[in-house]
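Read the structure below first, then the notes.
Think of it as A, B, C and D in the order they're written, each chain with its own count starting at 1.
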Amino acid sequence: MKLEYNGSEQVPLSKPAVWEFINDPQKVASCLPDVQQVTVHDPKNFDALVSIGLGPVRGKFKFKITLEPQEGGNRMNVRISGGGFGSVVDLLAGADLKDNGDNTTTLDWSGAATMRGPIATVGGRVLDSQAQKLIAGTFANVKTRMAGQ
Amino acid sequence: MFPASFEYVRAHSSDEAFAHLQQHGSDARVLAGGQSLIPAMRYRLARPAVLVDINPIKEFSYLREENGFLVIGATTRDAQLEFAPFIKDRYSLITAVSAVVADPIVRHMGTVVGSICHNDPAGDWTATALAMRAVMVVRGPNGTRQVPIDQFLVDSYTTAVNEGEMALEVRIPIPDAHTQGSYQKIERKVGDYATCAAAVQLAMNADGTIRQAGIAITASGPIAMRVAAAESMLVGQRPTLELLKAAAAEAPKIASPNADQRGSSEYKKDMTRVLVGRGLKQALERLGVTA
Amino acid sequence: MNEVNVSMKINGKTVTGSVESRVLLAHFIREQGGLTGTHVGCDSSSCGVCTVLLDGYTPVKSCTMYAVMADGHEITTVESLAVGGKLHPMQQAFWDQHGLQCGYCTPGMMLSSIALLKQNPNPTEHEIREGLSGNLCRCTGYNNIVKAVQQAAQVMNQPELAAAADD
Amino acid sequence: MTDIAQGSPEIVTEQPAKFAMGKSMKRKEDPRFLQGKGNYIDDINLKGQLYMALVHSPYPHANIRGIDSSEAMKIPGAVAVVTSKELNAYNVGWLPTFHGLDKQMVLADGKVLYQYQEVAAVYAETREAAYDMIELVEVDYEPLEVVNNPFKAMKDDVLLRPDREAKTNHIYNWNVGDQGATDAALATSDHVVKQHVVFPRVHAAPLEPCGCIAEFDVMGRLQFYVTSQAPHVYRTALFLVLGIPEDKIRVISPDLGGGFGNKVPVYPGYVCAIAGALVLQRPVKWIETRTENLTSSFARDYHMDIEIGATKEGKLTALKVNTVADHGAFDAAADPSKYPAGMFGIVSGSYDFPVAYANLDAYFTNKQPGGVAYRCSFRVTEASYLIERAMDIVADELKMDPTELRRKNFIQKEQFPYKSPLNFTYDSGDYEHTMDVALEKIGYKQLLEEQAEKRARGELMGIGISTFTEVTGAGPSKHFDILGIKMFDGAEIRIHPSGSGIIRTGTKSQGQGHETTWAQIVAEELGLDPQNFLVEEGDTDTAPYGLGTYASRSTPVAGGALALAARKIREKARKIAAHVLEVSEHDLEWKDYAFHVMGAPGKTITMKEVAFAAYTNPGDNEPGLEATLYYDPPNMVFPHGTYVAVVDVDRDTGETKVRRFLAVDDAGTIINPMIVEGQIHGGLTEGFAIAFMQEIAYDEAGNNLATNFTDYLIPTSLESPHWETAATCTPSPHHPIGAKSVGESPNVGSPAAFVNAVIDALSPLGVRHIDMPLTREKVWAAIRTAENAVAAD
């Protein structure tokens, strides 16, 4: 099943500071909900072990994450693929950075996730709203963590 | 398929169960009927490290009326309600719902409290509890507390029962002689989750006006939902066909069902209207009132 | 390994074993009990071919119960129905009415039927269909199962009929 | 004869009374099933056996960059992990498909082509450990673009099978009939009705999943216990795949918990179990999960365009069908090699079309392979559904009663044997009679009156008719083979001195009751008691060669072999009888189930007496009394029937209630009415499920949405209608006992009756067609669309 999400966050930081944050694998990983373990391979590639509760589905998902900063520092794409429970999720998320001129930055984000395997077929009945919360939670964390810097 | 390995602990008393849950925290799950949990474990979609079996707790299995409430214990099976003569005589909504939860075999193990705690988006008992204005009794570190059902149901699979806590019973106000209900459910086949369902209970005043209305829909959003606008529209009024139609039309306004193999969002929304309407009509028929 | 000691009475005989806590009751009955009339047909508690009776006449899906949950309880399986070579009236009725074809659902279906008649000794066709709706059959289309339960109900309500059938 | 079923079936045949046949004898196999003593695959355990489980791909289309089993091997009890690399080293990485036009991966070889495809096999000391292992086998996938329907496949943008010589997703084209004449006739017809009709992807889903145990015994001989409807075909397939000669292979198919075609294919798990047993030198057991069962094969998935020409008086002029077939990742259809689209040519149905043409193109997609069966292997269901659905659309267009259109165009009983424009020679039938019996029994006139009243009140009541003809009994060896093996069947009968006996065939019952009906056929031919025959099937060491039980072929082929083998015995018995009675065998007459000396009343000998003499007093004759016979049928058989469904549709919810359903079947000579009726009940229930509930749907990401019984819906007793049945009898002129077949008929004939009934109910709203399954939502949507159209006017 293919799920699409989008949202927007106002971050109380300058655009360069936001850009720096989202280019740091360690920092990005820390925004994933219930992250258990992070292994950074290089500045663009890292693995994260995340504990996930999607309705009745509870367990650990292993994600491979690739940061793809776009030229000009206005957009970051993130590729996330991983799995658990014999299932896989491929997620392509992107965020556009807009300098609000008042030392705050608007983060317009959108993502499209494709889920495959039992989690999509057995758990599909309830996945959409749960996944929505998870993704929204991640970006909300981005805002909170940045604000906390 | 075969579940992942887990540690099994048996509780013989409420204290023992509570102690296990406190000890193991989020690793533990309460095992009551297990009719949702065990299939999820067989698919390895659920893999609790510890199962705390409360089935051996004799004092958890009861179904009785006290102080104006029907109280249902934590291990009381759906089938106990289905076959209890006093339920059949006086609780038309419970009688109706207890015959369509899951399937007849599953109902012999599945529990009412467990089902409400599971808080599946398509739960039958959650909708029924809303319509009957039930109260949940939860045991926490500071003793037991009563949580009205509206506050108990937080989100899909999430309730007011916190980590390390457990629900002990559900308390349902006893309907009086002028109260009747109806459960309307569309399912693709016996045993399937509801495509859409509506629980309705109406209480009448002697003057023919509606004293109280309980209306809830399920499989229509993240959790079962009270159609509060419909309820307030009815209370104090004499039932007319126009009024029932208007009340039923409130249901799709709050419904936000997911499209799935059971139907599109539009279909399910429209079914909330149809089923609430049918439920209201049937409850009135049972009351001997013609709208 | 999370092993647990489990002991239960199956068809009146005590069966004991040390098994992993995740072992399903159906597998305990089949493997520790050596009774293979209890089948497994799905992973989702949908098909009912694993149905057994718990503590008398409570039908349960033995693949949706851990064996350890039945510790100290009594289980009745299809193997106990015929006594001394004489078929139970339900078995006889399934035979007489051609209520089975491949036989895979039959043990669970008969046990559910027996439990149903315990609750409701004179069910209508609709009540039989409702009562057996937790057990799938892929061969018979249910018509003849309904007829079998009707025959069994009649015989079980009038034991003299069963006796006469022996003559 | 004793032991006639107490619950006499509703079916009363028109055939004359006989000795053992035509009687509702209770089933001889039942006592073991009733007492939980059936012997199914999972009931068999071999000493020292390992448990196998399979790793499946979550991706529908991906390259495999690597497989790492090191973590899996750390599980206590882990024994081995096998991938395509190991299989290829033994040259068993790929399997030939049954009709020989393709090959199929055993384990994903470099890439996966459908979701849940087998990627690795794990072997462990316990079942639980095996399932712990499969979670830890790390497969590195590189996802590829998914082709989830044949219309996308035909663009050839994404090549799914680079392993094949032809670099296209197109598998084959098949056509039959006269295209030019058909186009010409359509061009000059008063009416031409066109409709696109989809027969969705469905699954046979027997309650017992598939499974096997493989063991190489101390003599190096493969003992292979497996859920197989065709054990001999398996043995030959294993010879072809493994190169082990047949004397070193014993295939044993134990009691089967249903099959319906699902237990025809040779599944990758079987090969992995054998490979494991060979390499690890331990018995290996593998039992499918329900998900594995539902994702390893399928039936149907035909996208059909039909055109029918008719005169304004309602005489049919031409039939044209164009089909796009979705075969999934491999062309694993179990069709005869000369018939890649099976018997789809039966699409002209019961009607006398002067000309017809059918064309079909098959494509690969990223979906599970198969195309095998679901109470009909050979595409008869698709064809029958299409023509019967289309006949109703034609009737609607011509404003004719659907029964009248059919009556006007039936092949007449004098026309048999009837050569159809699509190259079948129908053996016999009396379609009008069967339809009249049905209309009378259901009370068609009264139903029409009731419907008129209800329509006036705005209620939606529908009556649906299907007057189908099917083709079964493959088949004559000049046309039909599986893997090159001609589709004959063998029968062996041995009569013991007591007049009892043993019957062996190459078929394999999955609930059809062969242990009873085979005895009835032989008993009828020999005048012996059917209770005293043991019927043995399923063991290739003892059973004569035969192609197995599917496609409604057991009675037409093996049943014929049995009758002829019995007659062979009778001829030998005649010699012994002559010796005992001290007359010439030419003086003997077989009459009333005994030998009589002609012209000497009272001088008779029964077969029971002859049997004893065969062992005690054979004279100069060869002692013993047994026969083996292989039967190569001269033609197929063509059962037919009329089905009527009566439905009420709920305007608000779209729910259909099947109020009545009558099946009148003509299966030729009936061996056991009780069993025939049971077959019909079961097949109707499957047809009902297909019409209203079942579909293996895929989402755009290629996820299979029907992977277990919570989503692939099997009707319970509550949804299933109460079935009514009746029978007419037009014996097959060429079959030794005049029998046709019945196992598939209800599943072939009923979907159209259900759908026709629902569309009839909706016809006042202008609804013309809805594709199956007719879910509540689809019906609701059709009603809403129609109402909105009216409101907009």
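In this section, a residue touches a chain if its C-beta (ideal position, glycine included) is under 8 Å from a C-beta of that chain, and two chains touch if they have at least 3 such contacts.
None of the values given here were measured: they were computed from a predicted structure.
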**Q.** Comparison of B-C and B-D by number of C-beta pairs in contact, larger one
**A.** B-C
Q. Just curious, how far off is chain D from chain C if you go by their C-alpha centres, in Å?
A. 30
(Q) Can you work out the whole-Å distance between the CA centroids of chain B and chain D? (A) 44
Q | Distance between chain centroids, defined by C-alpha means - chain A, chain B (Å) | A | 35
Q. Residue numbers in chain C touching 2 or more other chains?
A. 1, 20, 22, 43-44, 46, 130, 132-135
Q. For chain D, what residues touch not just one other chain but two or more?
A. 128, 135, 289, 291, 705, 708, 710-711, 714, 716, 718
(Q) Give me the residue numbers in chain B that touch at least two other chains, ranges are fine. (A) 1-2, 4-5, 43-44, 103, 190-191, 193
Q.
Taking the top-of-page definition of touch, could you list the pairs of chains it picks out?
A. A-B, A-D, B-C, B-D, C-D
**Q.** Touching residues on chain A, where the partner in the complex is chain D
**A.** 1-2, 83, 86-88, 90, 114-118, 120-122, 124
Q) What does chain C use to touch chain D in their complex? A) 1, 20, 22-23, 30, 35-44, 46-47, 49, 77-79, 81-82, 87, 91, 94-98, 100-107, 110, 125, 128-130, 132-148, 151
(Q) Quick check on the complex: what are the chain B residues that touch chain A? (A) 36-37, 40, 43-48, 118, 120-122, 156-157, 193, 222, 258, 260
(Q) Which residues of chain A touch chain B once you look at their complex with the stated criterion? (A) 53, 55-59, 85-86, 118-119, 122-126, 128-130
Q) Can you list the chain B residues touching chain D in their complex? A) 1-2, 4-5, 44, 103, 186, 188-193, 195, 261-264, 267, 270-271, 274
